[in-house]
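In the two complexes below, chain A is the common chain; its partner is chain B in one and chain C in the other.
Presenting the complex of A and B:
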């Protein structure tokens, strides 16, 4: 599983990354968490605002940091 | 947050246009682009919604305001949004502004009529 956390690195983006990593650890699954900060790459997802999270190429959230609970739901 | 260059915490305002083949489609498109250039709203790709691109759908969901500009009574822009599950968006219909398909050449005057109407829906 490939999880991309999009954002330039502001507190909300860092929160999104933290929650994703915690959820992955809690779920006990094997997933590669990648931070994407390049705007061209973010735009290639059709994402217009950040933070955003994509799992295996499918964007799950845009414009807010998901909670750990949200991420756990997506990982199921 | 002073160095934050992202759009975190700011819900965007988007406008989509039918951008159809007829004169009114082009007027709609040009009005949406001009509104976007003016910075009042940001033009958003309706095709991305129709194509169910996940990033586009989620980006549109995160919007504070969504305006659909429909060139003719078929209402394709609005229907595309509805089919994708969106509701509560604003609608600008050119035919209600007196711009009829096949009888409304692309002119700045017509574009301005649409811009003026769309601007009424933009708050904040």
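Presenting the complex of A and C:
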């Protein structure tokens, strides 16, 4: 599983990354968490507001740091 | 001045909370609950003034004429008043924002002619959830959707400049007339500045790679939220925004209360009054490198006005602080060439100067 956290590095983006990593650890699954900060790549997802999270290429949330609970729901 | 760059950078970060699942329809129950809450809110709100008078004059035994008495009463009345206004306004703006996503805005603006587009973009800038760390993705999103550059700038100017927290604070501390002035002139600066930039044909000064981008289809565009989700989204934004700004509000009102009780009127009239022509440009120049959020700047605005500064000068200062922030320019440098950033600062700066002189002349 590949999880992409998109954001240039504002506090909300860092929060998104942290929550995703914690959720992955808690779910005990094998997943690669990648931070995407290149705007060109972010745009290729059709994402125009950060932070955003995509799992296996599918965008799950835009413009908001998801909570750990949100991420756990997506991982199921 | 609180330079809380971190929290300020994301002063408006919330966006549609979209979860794929459909929640059960609890709409009637939610609406009844909502009405009950508004009723309770109003009942408390209407008792704030008598309570503050009772608390300061009867319970603490202070005199209404004394410096301390009027400062305490001001603080005890204004703190809950502003916080309660903030709660309800942020909640309803949250509901509104659950409809108006960045993606939707992008699609609406894409098909519009320039002049209409400038007006619409300035208005949507007020309600669309977006934070300055999203300025670049948003800029790319608008460009790739074919939104004209000038229209995009109208949006980028009005989004930070006209802000619901600033509106509530201005209304709560200085009355509805000044709040309305701020709202209307902010929108006008955004419309005129964006339109002017559109006339200047500046497309060549956007970094080349932006124009070459082929943006993907938006992953989340068509998911509808239920009313329950909208309420949850609005409550989330209340928790988030009010949770972050309440301390500035309290500090600001404490400062305001001190000024209200102690500082003689007319104190600043000589330096920032309407008699000195250079006070407006000077306050804009001072304002640009300062960076704070709306909650941080309003107490300063109140302090300046309370000491006798002219309204136009203070409005110009406030607008330059909020609309022309240095960190946002640094972020925008990724997509704009320096010359375009300079023009952006110049055009918006002129608009703000105009507002400043206008109000000093009229009021």
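Quick note on the criterion: the second predicted complex is superposed on the first by the 76 of 76 C-alpha atoms of A that agree within 3 Å, B and C clash if a C-alpha of one lies under 4 Å from a C-alpha of the other, contacts with A are read in each partner's own complex, and residues count from 1 in each chain.
By our rule, a contact is a pair of C-beta atoms (placed from the backbone, for glycine too) under 8 Å apart; a residue touches a chain by one contact, two chains touch by 3 or more.
None of the values given here were measured: they were computed from a predicted structure.
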Report for A:5: first if it touches chain B alone, second if chain C alone, otherwise both or neither.
neither
Answer with first, second, both or neither: which of chain B and chain C does A:40 touch in the superposed model?
second
Can A:70 be said to touch chain B (first), chain C (second), both, or neither?
second
Could you pull out which residues of chain A sit against chain B in one structure and against chain C in the other?
7-8, 10-13, 45-50, 54, 58-59, 61-64
Chain C contacts chain A in the complex at 6-7, 9-10, 13-19, 101-103, 106, 129-131, 133-134, 136-138, 140-142, 144, 209, 213-221, 331, 334-335
Where on chain B is chain A touching in the complex?
1, 3-12, 14, 42, 44-45, 48, 53-59, 61-62
In the complex of these two chains, what residues of chain A are touching chain B?
7-8, 10-13, 45-52, 54, 57-64
Residues of chain A that touch chain C when the two form their complex
7-13, 39-40, 42-50, 54, 58-59, 61-65, 70, 73
